[in-house]
Every structure is written in C-alpha cells, then in structure tokens.
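In order of appearance the chains are A, B, C and D, and numbering begins at 1 in each one.
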Amino acid sequence: MHTLQDPEFGNKMVTLMAALVLVLQIAMVAQRWIVTNIRLFAAQSFLLAAIANTIAYYNHAPHIYVAAVLTLLAKGILVPIVLERLVARIEIRQEIEPIVNIPLSIVISGGLTLVGYVLAEPFYRPEEAPGAATLGHNALAVAISLFLIGFFMMINRRKALTQVLALLCLENGLFLAAISLTYGMPLIVELGVLFDVLVAVMVLGILVYRIRETFESMDVSRMRRLRG
Amino acid sequence: MGSPDPFLAAALASFLAGAVSGLATGFGAGLGTWKQRPAAARIVAFAFAVLGSLLLFVASCRALAHPSSATWSLPLVTLFPCTVRLDPLSAWFTLTLALLALAVSIYSFGYLRPMERTRNLGALGFFYNSLLLGLALVFTAANAFFFLSAWEVMAVSAFCLVVFEHEKAETRDAALVYIVMSHAGTVMLLAAFLLLAAFVGGTDFASFHLLASNLPPAELGAVFLLFFAGFGVKAGIVPLHVWLPDAHPVAPSNVSALMSGIVIKCGIYGMARVFFDFYGPTPLWTGTVVLAVGVVTALVGVLYALQEHDLKRLLAYHSIENIGIIVMGFGAALMFRTLGHLNLAAIAIVGALYHTLNHAIFKGLLFLAAGSVVQSVRTRNMEEMGGLIRRMPGTAFFFLIGAIAISGLPPLNGFVSEWLTYQALLAGFGTTQSLTRLMFPIAGALLALTAALAAACFVKAFGIPFLALPRSEAAANAQEAAPAMQYAMALLATVCVVLGLGATWILPVFDQITQHTVGVAISPSLVAHGIALQAGTAQSGTVSPAGIALVFLALTGTVAFLVRRRLRHARVATGPAWDCGLPGLTSDNEYTATAFSKPLRLIFSAFYRPNREIRPEYDVSPYYPSAIRFESGIEPTFEKHFYGPLRTWIFARARKMRAIQAGSIHAYLAYIFVTLILLLLFGVRQ
Amino acid sequence: MIPVFLTAVVQLLLLLTVAPLVGGLIKTLKARMQVRRGPGILQPYRDLHKLFRKGMVLPETASWIFSATPYVVFSATAIAGLMIPMISAKAPLGLFGGVLAVVYLLGLGRFFLALAGLDTGSSFGGLGSSREMTIAALAEPAMMLAVFTVAIGANSTSLSEIARVATSTTWHFLAPAQMLAFAALFIVLIAETGRIPVDNPATHLELTMIHEAMILEYSGPYLGLIEWGASIKQLLLMTLLINAFLPFGLRAAWSLGGLLVSLSYLLLKLLVLAVTIVLVETANAKMRFFRVPDLLAMAFTLAALGLVSTFLF
Amino acid sequence: MILALLLAVPLSACAACAVSAVSAVSRRRSVLEAVNVTAFAITFLLALAVASQVLRSGAISLWNGFLYADALSALVILLNAAVALVCSVYAVGYLREDQRLGALDGEVGSHGAEAKLRMYYSLTPLLVFSMLLVTLANNLGVMWAAIELTTLASVFLVTFYGKVTSLEAAWKYAMIGGVGLSMALFGTLLTYYAGHKFPGSEGVAGLNWSILVGQAAQLDKPSMRMAFILVLLGYGTKAGLAPMHTWKPDAYSEAPVPSAAILSVAVLNCAIYGLVRFYVLTSRCLGAQYPGSLLLLLGLFSMGIAVPFVLVQRNFRRMLAYSTIDQAGMMVTALGIGGKLAAFALMLHMTFHTVAKSLLFLSAGNIYQCFKTDLFLKLKGGVLKVLPITGAAFCLGTMAIVGLPPFSLFQSEFLMIRAAFGTAHFLVGALFILFGLGVFTGVTLHVSGMLLGTSEEPRAAWHPWRDTPIAILAVILIVIGFWLPADLLELIRRAAEVVSP
C-alpha cells in the first residue's frame, strides 16, 4: 500500500502516462480514418484526466480533481460525441489525405518532440526541490510537443473537421502543461478556458456544417477565393 | 517670447478667414444652395486673399526695416509649440510671397469670372487661401514640428489646387506624381530634422543655429544631403524635377503662377535656412555638390524649355532653370564660407536671394500673361497662336517685359541678380589654389550659356505666339484679358522695372540676413557712387542699371527725334512684306516654334535623343501617298531611364509579393508555425 | 582732366564716325585681295547717307516691335560702345557697366533684332532669328570664358581696370593664357560680327544668310540705323579685343594731347586686325551652318585651356 | 460598482436581443435598434464615468481585485465604448439600407432578414461586453478568456451575409484566431508558473496583473522569456501583426461594415492592451531590451508587409485592413522603442487611430452601399461628385491615416520617430519613415483614383442615420488635430505612465 504513497511512484506514473499521451498524438498523425481519430482524441483526453487525478492525489491539490472531472466530461465524452454526430450527419466516408504524406509527417512529429525537449530544458533545475519542477520538466516537454504536433496537424489536414480535431489536441497539450506545471490554473480560469473550448467546438462545428453545405466538401484547401 | 507682430497676425487671420469663407461658400455650392449667386465665392475669398497679402507686405517691410528675431507662439496645437518668427530671412521670403500673392489674387478676380458658373469656386478659394496661409507659415515657422506641418499644409493645398480640374486624366496623373514626390521630400525633411534634433536636443530653429556643423561627419553629411534632397524636390532641382513641368501647367493659371513663383521657393527658403542658419562652415564637398547640381539644373531646365511648345510647360521648365541659378549661388556661398571668404559668400547669398525675388516676380508675370493667352485662345500649344500682339496688346507688352527680365537683359531685374552671381563666381577663382577653383569660371561660362539659351527660348516664346500672323481661328479672334488681370500684370511689370533700376537702394536690406548667416554686412561695399552696383571692391567691376536706362532713354530719344525729323519729308508706306519677292504671305509661311528650335535640337541631339517618324499612308497605289504623318519629339531622359524603371520594378515586386496572401489557410498557419518555432528556439535559449 | 560727359560725347562721335570706316576698310581690302577694285573705303558712309534720305516701307504684318527694334539695337550697341576703353584706359561709362554689361547690352540688341525677324511673318526672318540666336547662344560661353581669363588676370570685370592692368604690365599678352584667350575671343568676334566662315555679310542667298535674313524687311532710315549699329558692334568688339590684349598707346586718362596719339595707335591696331580678318575671310569658305558649333566649341576649349594654363605658368 | 454596471449593460442588451425571438412584439426591427443604441449610449456614459473616477482617484478595483481599472484600461474602455456607440448608430442606417437592397436574404444557409438582424443586434453587444471584460479583468487568465470570447462572438458577424467568401473568411478567422489564442493561453500559463511559487500568489490572485507587476522582478526568467514570445504571437494574431495578419483583410472585407469597424479599431485596441500588459511584466522581469527587440521585429515587419499589398490593392476595404495592419505595426514598434516619449506616442496614436480608422470604415461603407462594389476597377472614381460629404470625410480620414499634418496622427508619428532617433534606434526610425512613405503612395494612388474624376451615378441624398456619425467623426478628427481635452490628455499621460513610469 505504501508504494502508492511514494511520490516517486506517482512521478513514474505521470511520466508514463504523459509518454502514452504523446504516443497517442503521433498515432493520430498517422491515422487515416476520421472516426478513429476522434476516438484516439477521446482516449487522449481520458489519459489527461488520469494524469490530473494522479497529480491531485500525490500533491493533495483537491481543486485539480474538479478540473480533471470537467476535462473528462467535456473533452473525453461530450466533444467526441458531438464530433461523431457531426461526422455521421455530414456523412464523410473517404479517408484523410494529409498534405505531407504520412511517413514524413511522423518523422516531422518526432522532430517536433525533440524541439519540445529542447525548449523545456531550461526549466529543468534539479537543484530546486524535487516535485513540481522535475515533474514539470518532463511533462512540460511532452506538453510542448503535443502543442507543436497539434499545430502541425492543423497545417497538415485538408478537411475542416480534422483541423478542428487538431486544434483540440493542441488544447490538450495546454491542459497537460497546466496541470503538470502549476497543478492547474486557478479554478475560475480553468472554467473559463473549458467554457471557451466548448463554445469554440460548437462554433466550429456549425461552421464545418455550413462549409459542408456550401462547398459540397469540407476540403478547406479549396477555399481560396480571397487573395491579395 | 516676443509680442506678436500685429500685421503678420492680421495677415494670417485674413488668409484663414478667406479659407473659411471659401469653405462655407464651397459647401453651400456643394449642397446646392448659393448656386444663384456664384460671384460671392469668388469675390469674398479673394478679397480676403488680397487683404492678407497687403498686410503681409506691410509686416515683412516692417520686419526688414526693424529686424528682430523675437518668436511668439500661436495657441494652435495642444501638444506642440507653434512658434513663429519673422527674422530678416523669413521676412525676405514673406515679402516675395506678399508681392506675388497680391498680384495673383487681383488677377484671379478677372480670371475666374468665366468659370464661376461651371465650377465650385468656393473650394478653389478655400485651397487658395490655405495655400497662402501654409506658405506664410512655412516662411515664418520657428520650430521643426510647426515647419513640417505648415510645409504639408502648403503641399497638400497645392495638390488640391493642381488637381482642381480633375476631370482630365492628365491633370490627375500630374497631380499624383507631384504629391507622391513632394511627400517623399517631406519625409526626408522629417528624418533630417529629427536626426538633427536627436543630436542638438531641441526642435526650435533658434537652438539649431550654427550647431549642425558640430555633428559627427557621417551624420553631418547624411543630414545635409537629406535636407538638400528634401528641399530639392520642392524646388525642382535635377534630377528631382520631373513632377514640376507636369504639375505646374495643368493647374489653373493663377495657381500656376503661385506654384512657379513662390511654392518652389519654399525649397529655396529651406536651403537658405539650413545651409546658412543651421550649418556653420561645412566640408568643401557640400558646396561643390550644391554648385554642380545647380549648374546641371540650370542647363537641363533651359534645354528642355527650348524644345517645349506648350507655353505653360515652357515656363515651368524655365522655373527649373532659374532654381538652378539660385542654387549655384548657394553652392558658391557654401564654398566661400568654408574657404573663409565671407564677403564673397555674402555676395553670392545676396545674388541668390535677390534672384529668388526677381524670379518670383517675372515668372509670376509670365504665367499670368500666359494664363490670359491660354484663356482666350483655349490652347497651350504655341503653334496654334500667333499675331496676338494685335488682339491683346496689353498682355503682349507685359509678357515682353517678363521675357526681357527672365533673359537677364539689362536694365531689368533679372540682369542684376545674374550679374551678382557672375561676380561671385568670377572672384571665386582667387579663393583657393586647388583645382576646385576651376569650377567657378566654368560654372560662370555655363551660366552664360544658360542665359543665352534662355534668351533664345524667349525670342521663341514671345515671337511665336504674339508676333506675325495668327496661326489658328481662335488666335485670330482672341480677346484681350479682363481689366483686373491687366492691373495685376501691370503691377508685376512695374515691380520688375523697380527691382532692376532701384537695385542699389534695395540691397541694404540684405545686411541683416548676411549678418545673421555669414556674419558680415556687405551692402556698403556693393554700392558705388549711389547709383552703381559694385562687386565688393571699387576695382572689381561696377554696373548701373539705372544709369544704363537713363543713357538708353536719352540716346533713343535723340535718335528717334532725328529720324522722325527726316521721315517728315520722306514717304512711309505700309505694304505686304517683301519676303524675297514671294507674293501672298500666309501664316503657313511663318517659322514655327519647332522650326525655330530645330538647330539647337540637332546641335544638342546627344542630350535630347530626338526621335522622328515619317509614316506615309497610301490608299490606292503604293507610289502616291494620300497623307504623310510626321512625328518628332525628344526623349524624356529622366522619366525613361530612371523613374519609369523604378516604378515598374517596385510594382512588379509588389505583385510578386501578393503570392504571400494566396488564400491557402494552410500556408497562413505554416507562417505562424515557422515563426513560432524560430522565435522559441532563438528567443528562449540565450 | 575732362568731365565724363565730354569724354562720352567724344567717344560716341568716334564710334559713329570710325565704325563705317572699318567696315569699308575691310570690304575694300577684301576686294583688293580678290583682285577686284571694290567699292572704296567711304562706301558705307554713302550707303548710310542714302538710306537716311530715303522713305521706307513697313510690312503690314509687322507690329510696333518691328519699328522699335532699330532704335533699341542702335542705342544698346552705342551704350556698349561707351563702356569700352577706346583711346583712353578710362571708359566714359565705365561706372555704368563693365564687360558683362557690354555682353548683355549686345544681347539686348540681338534679342530685339530676332523678334523683329519673327515679327514680319516671313519665313526668312524666322530662319534668320533662329540661326542668330543659336550661334549667339553657342558663342556666349566661349566669350565669357575668354573674358573671364582676362578679367581674372585683372581681378575685375571693369574694362577700364582690365585695360589699366594690361597697360601697367608690359608684354603680359605673351602669357599663354592671354594668347589662348585672344584666339578664342577672335573666333567669337568672327561669329558675333557675322563674318565668313560663320556668316557672309555680302550674300542674300537664303540658305546661307543669317544676319541679313533678319533685317530683310527693313528699308530706309531703319535699315540705316541697324546697319550702323551693326558696324558699331563690329568696331567695339574689335576695339575690345585689341585694347584688352594689346593695349599699346592706351592713355591712362583723358587728355587733349594724348588723344590724337592714342587715336592713331587705335586706328593702326584696327588696321592690323582688319587685315587679319580679311585674310581669314579670303582664306576660308563659308561653313555649313551645322559646322559652326565645332568652331565655337574650339573657341570654348581654347578659353578653357587658357584658364587651366594659369596653373602651369 | 460602476465597473460591474459597465459589464452588465451590454450583456443584458445582448440577452434582450437574443431572447427577443420569442416575443412577437420585440421582433420589430426598431426595438432591436433602440435596445442597442440605448445600451451603447449608457455604456459610453459609464465609460466616461469610469475615466473621470480613475482620473480623480487612481486605479479602481472591484470584487477584491477581480475587476481592475487603471488609466490604461480606462482609456481603452473609453475609446472602445465610443466606437461601439458610433457604430451602433451607423449600423441602424446601414442595415436598413441592406434590407432595402435585399442584401440580407442571403443565398446560402439563409435565415430570413429578421433572424439576421437579431443575430447582429445580439452578437454586437456580446462582442462589446467581451471587449470591456478584456480591459477590466485584472486576472490575465480571465483576460485571455475574454479575448477568446471576442473571437467567438465575432465569427458569426463575419459570416453575416452567408456568402461563400464570408464563410471562407470566417473559417480562416476562427482557425488562425484559435491557434493564436491557444499560444496566448500557453503564455499566460507560463506566466502563472513563473509567479506561482510566491506566497500570496496562490489561487486566483496568482494571475492578477496588479499583483504580478509588483513582484515582476523575482519572476522566473526562462519561463517569462518563453511566455512573452507565446503571448506576443498570440495577441499579435489578434492585433494582426505580420505574419499572423493573414485573416485580417478577409474578415474585414466580409463582415458588415459596422462590425468591421469595431473589429479593426476596438478589438485591435484590446489586443494592443493585452500586449502592453505583458510587455510591462516582461520588461520589469527581463529588462526592456528583450521584449523591445521582439516587438520591433514584428512591428517593423508588419509595417513592411503592408506596403506592397497596399500598393497593388484592388479592393478598398481590404486596403483599409492592410492600413490597420500597418497601424498595428506602428503601435507595436512604438511599444518596442520603449521610454516615456514612445509610450506617450503609443497612447496618442491609439486614440487618434480609433477616430480616423472608424471614420474611414464607415465612409467606406457608404461608398460600398452607393456603388455596390468595393473594387477599384468597378468604381472608376467620381465619389466626390456622387457623395460629397462621405467623399470629403473619406478624404480627411485618408489624409489623417497616412499621417499628414495638420491631422493628429502626424503628431503621434512625429513623436514616435523622435523617440526612435532619440534612443539611437536609427535604423528603426529610417524604416518607419520608409514604410510610411510606401503606404502613403499606395493609399494616395488608390484613394484619389476613387474620389476624383466623374461618375454616371446620380448624386446621393443625405442619409441621417449613416451620415451623421460620419460627420461627427469628421469634426472630431479635425478638432483633435489641434486641441485635445485636458482630461483626455491627462488620461493618456497616465496610461503612458502605466507602460513606463
């Protein structure tokens, strides 16, 4: 039982899960089917919630539980459902064709992970008390990588919906950074952020729907009327 | 902080009132009321202009009589001081402005009458008055911010006046080139002033006095060149002159007179202010550059004028020439001051400034006369005029006076200022042992060439439109200009004569200016025996326009008397011209302007690159052309080889740049992504 | 010591009387050199006399400019003549103007003459004016540069001063600068006075004439005035040339005694110069109009060399 | 208390208009219009009150520092409230004209005209509310949320006409805005991390600007470095700094003109406001050099990028957008130059730009509705003849925006360049001037082509709803060129002191 109390163990757990999150992200880069993508995203959100819980448990920061639960509900359940509905509604069948082909995309994602570690490096100060900082260092690297890879996915996706999805992954990166660096932001801010994310998803959903209606396709790379 | 000069204040107020009234009447016309009494706009606005000019005249005379450098600030802008100062240099230019503005405003009463039902003269009155206001403030502003504000007010209202007849595409294009180049000049000035301010610490002109020479060499050169170029654009020095011959002619003629007479003088004022007030002795190269630019400007201007057959364009090109002569004076003065010959510097400055006034007067006169011609013949092309001396004797006479003056022929004012410049250049040879001394006589010789070419050009400009037989229907029944217009021209013509004959009595005015700038009062050594000008010392040469005029009248009188007496017994008949016995002289026999300038076109063909094209048109047989089109022109070197390519290059680049915004959201996101990663990598880890 | 007014009158009379003489002299010498008898030295006087006795015809196309021109030309030239030292280094109207004034007064006359040429409306007049102004414009810089070379030597533009310096220093005309300037000024003289090879005063062939073309429409006294003016111009330019460069026998001030001596000196020198001109005229054919610029360019170069040579010597 | 009111008024207006669907009476257009105009009028008055209170008694705060208004916020609030009021008045005339022309029954995704009007009249107050929240929120996180809210509220204003192009514009706006804001969020988060270890900074207060600024010196340096870059790019996207500017021309040229005006002026002010707040933190933590150079980089780049697009622009509303990018670049450059003078110039410029640019957009709207096109090719000039007042106003606005005296922006730019040279930023000053010249050239060419010349259109009549705001703005523009109310000037000075005391 005492192993569960050992922060070292928790640290390992968090790092492991963070790594898993990263893997999931890269898997999304590699994945061709939208629906699968959405599910991967859901899984990623679950893992994030888990990370949040672990940190809350080990650092006795109760308010992170709230954040965790909210994330679970919002990103893990609500958003995926909405998105799948949307997919069903505007029956997308064909698979994603990214702009950069998949092997190269994966390589690039690897490179971005590296960048993430490079950027997180100055935050690693072992001389300070272990805990947040060290924990932060590792998770922060992952978070930055998530952020960058998400960004890259947005550039790399042609379909409006997949761009939305990529944006959400990017937000996940932020969430990871938040909880791992600072045990989450102040609750009010958390709420605001979550609310914004939800609204954003709805707004974008509506836009996607209308784009679909208007253009008979969701291929945003075809929207090139406004120039100069 | 001195007390405001009441007359100056009143003058400014009057211009302001004129502008406001113009605005009111203009809006009235714009909104449809006032249509029934259109004369109101014209009379009110220009009455204020006349009043303002008179007040300004008084103010400048007082300032020249009792010089003071007291500044007083207008409560105009909250954030900045708007200080005004009427020191002798400013006063000299406001005097110029006042004289010209007075005549032109009087002229406008007659000139605008025909167009008062078809055009919104309220707007014209507004911009006209704001132009005068801007000019007055440019000449009197005493700190950088206010100067630049006034400068732009002047430039923009000039633009609005030039573009007044904006239905014509020609007008619009000319005005656009003007405003863009003018603004380019302004930003150069802005940079120069602020650089100077950064080193000196203040923006007051008083705080700049003679301090600009303390800048480190690089900055000194940069600031000097920025000032020279910035003011040069406005003054129209080559190669920054290209806007001038397009913009001046397309404006209404009264505006053209102001533009060529005084607006370009803002550049001259700026140069005088900067070169001799802000800067102390400068490196020799500065003077050399200015002198060389002056020579080139004068020559290029007159050479283009010679091939111009559009009367107003021709005059515009002559403005460039005269600006060149003035700038030569400045260049020589800069060099003399550096070499330590302050008297010579003073003479050169006096020559240049005197020529500034003279040119304003006779160029204004010429433009006004040209305006009345154009108004009654409805074309600017000389080839369609001719014989006007009979239909419009007054205008012809005044134009002749102007032509003699601008050709620098004695005894009128143009001769005086050119004589002073000659003397300065001539004496310059002795100022140094280095090779640079050769510049002075060469410059003098080229000045002589310029003057001679100008004379040739004005033989054409007077002879072709006014003499011999009318070349077109319109010319045949042209109407003499309205009285108001003739009064204005008479006024300016009189001033030409006075400035010529009375030069010796006017020169002392410059003492204060030279005292303030180069530190010597020159006029005592410029006047010999009261009636003669002398160049510095008693031996160095004298001239007396008044004396010449006197003897000339006496001699002519006697000769005329004798000849008349002879002719009383003899028979004087008028008959058809003999013309080597060829009967039936018609206007087709006459020498055209093109023909007149042909020899010089051929002699200077290396410069003109004349192009000619003969295109026969056949209808039936290839042996008998039904018509032959002949085209001949000269190549606009600067436009074709510099400005044109520059423009095309810039716009081509800009079009290429549009590819950045090609509509692909992925590209847009990629920009941000790359920026992010680069900034993070280079920004965070340092 | 004689008052300025008197000297002015004297010099004016001299100008009026000597000028036609020089013209006649050149004509006759030329004729002799071409083995003709020639009209005789006094012919110009006879011409003037006749012209002033005759009536005249004014072309109906002409305006008042046409009638004003003769007076302007005559007076302007005469005044210019009063500004050059003729028989005394002290020019009567020296105060009223120096060499610049002389040049510009001649310019004034030319200006009106050209206008008169255009005024008649005949194509010959226009042709004449155009060519006259062109040549004058090209001659001007050369003339100025030559004059500058002299003036710089004297450090003055007042002809009296120049002459005074010239007389005070002996043999100074042997200086290369002076010689080159002299050559330049001589060419200018040829061009300005409308002599072969630039212009042919004797011809009325429209292709070649310049000066004559402008005054084609004049007759009677007006023609007389213009011709007289022209000969005065020729005289004063020649006098300028010789007194600026070879000021032998030029008295510093006016005095009755010196008057005759210096007058004879003047006439002598004029004779020499006239002979030179005649030689040039007979040795050369008239140039094509568009060759004239080459000649004047040469004059300009000579004058410039003169200036440069002031460095060397 | 007044701060709460300030937020409450537009929010309630939004709610009122949103729910007005249910009640048949309030469906009527006039009701919506009335609600909006009155709401914004009250907002403006409240803003005035806030400003005066700040002037009298320094910074005020509410709900233990959750809402916080110092001079800077007060200034921005005042400007934005004014813009909102003017635009709401103009919108009445504009939308009525649209309805008359049948522009509202769009082809695609068509709601009826009523639905569209209701959408407009309920989203605009929401937008204004979020902008006020941005400037009132003391907590940087809340400020972020509010800025995100401005985006969300304005997306559907961009798709207002439901045209294909407007949809495209909206998508780009949403996507780029979303990315930008997530960067900003990351930055905010790092800022929190940089300060969260201090006592008393636990919980909400940990992100309160007023607290952070006090202990800025001890903030964690590496994280502040990274944070500033992220925030700069994030809020820079909102402000439309190059290379994040790409959404701007699209959005501005597609949104209905009043909203475009609000986006281009008020939202820009908010973004600059955000940047200023973070700049203060960062410069106190890392010294002014680091954030300054970054700001100069982006600012000059934005000014430079605007030049070619203005030069060869074909559409006058897009031209205005690029001019806004140019102006944003100027303000950021001024911020980057640093020092009292530059800060003062920045605040002045913000004020002046607010007036000039809204005038330009509104009169551009008139021209657009009269000539039914926004392409230079299609309208071949003659605006001055057809719409004398609007044309004159547009001319004034143009002169002001390109920085011609005697108009006010010349004064602020003069100060900026002076500050640049005074702090030995010679290259910066030179480029500033050069780009200014480029923009001047382009704008002058296009605008004079538009205004001058002749047109066969008949002279348009006077539309009180649309022309009065324009006339008022024109008068204000001319007046502030010469005279600023002492209080406003004082407010601007104080705001500048917030940046560099």
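Here are some notes:
Rule of thumb we're sticking to: a contact is a pair of C-beta atoms (placed from the backbone, for glycine too) under 8 Å apart; a residue touches a chain by one contact, two chains touch by 3 or more.
These figures come from a predicted structure and were not determined experimentally.
Of the two interfaces, A-B and A-D, the higher number of touching C-beta pairs belongs to A-D.
For subunit D, the chain with the farthest CA centroid is C. A separation of 70 Å divides the Cα centre of subunit A from that of subunit B.
Computed centre separation for the pair subunit A/subunit D is 31 angstrom, with centres defined by C-alpha atoms.
Computed from the mean C-alpha positions, the centre of subunit A lies at a distance of 101 Å from the centre of subunit C. One inter-chain figure worth recording: subunit B and subunit D are separated by 45 Å, centre to centre, where each centre is the mean of the chain's CA atoms.
Among the residues of subunit B, those touching two or more other chains are numbered 658, 661, 663, 665, 669, 676, 680, 684.
Shown for subunit D are the residues that touch two or more other chains, namely 168, 171-172, 175, 179, 222, 226, 249, 309, 312. Annotation for subunit A: residues 119, 122, 151, 154, 220, 223-226, 228 touch two or more other chains. Of all possible chain pairs, the ones that touch are A-B, A-D, B-C, B-D.
Across the interface of their complex, subunit B is touched by residues 99, 115, 118-119, 121-122, 148, 151-152, 154-156, 158, 220-221, 223-228 of subunit A.
Those residues of subunit B lying in contact with subunit A across their complex are 658, 661-666, 669-670, 673, 676-677, 680-681, 684-685. Residue ranges of subunit C in contact with subunit B, taken from their complex: 52-65, 71-72, 74-76, 78-79, 82, 93-101, 103-105, 107-108, 110-111, 114-115, 118-127, 129-131, 133-134, 136-145, 148-149, 151-152, 155-158, 161, 204, 206, 216-217, 220-222, 225, 289-290, 293, 300, 303-304, 307-308, 311. Partner subunit D is touched in their complex by these residues of subunit B: 30-31, 76-80, 145, 148-149, 152-153, 156, 163, 166-167, 169, 172, 175-176, 179-180, 183-184, 187, 190-191, 194-195, 197-198, 203, 650-651, 653-655, 657-658, 660-661, 663, 665, 668-669, 671-672, 675-676, 679-680, 683-684, 686.
Considering their complex, residues 389-390, 400, 404, 407-410, 415, 419, 422-423, 426-427, 429-430, 435, 438, 441-442, 444-449, 451-453, 455-456, 458-459, 462-464, 467-469, 528-529, 532, 535, 539-544, 547-548, 551-552, 555-556, 559-560, 563, 566-567, 570-580, 582, 585, 587, 589-591, 595-600, 602-603 of subunit B touch subunit C.
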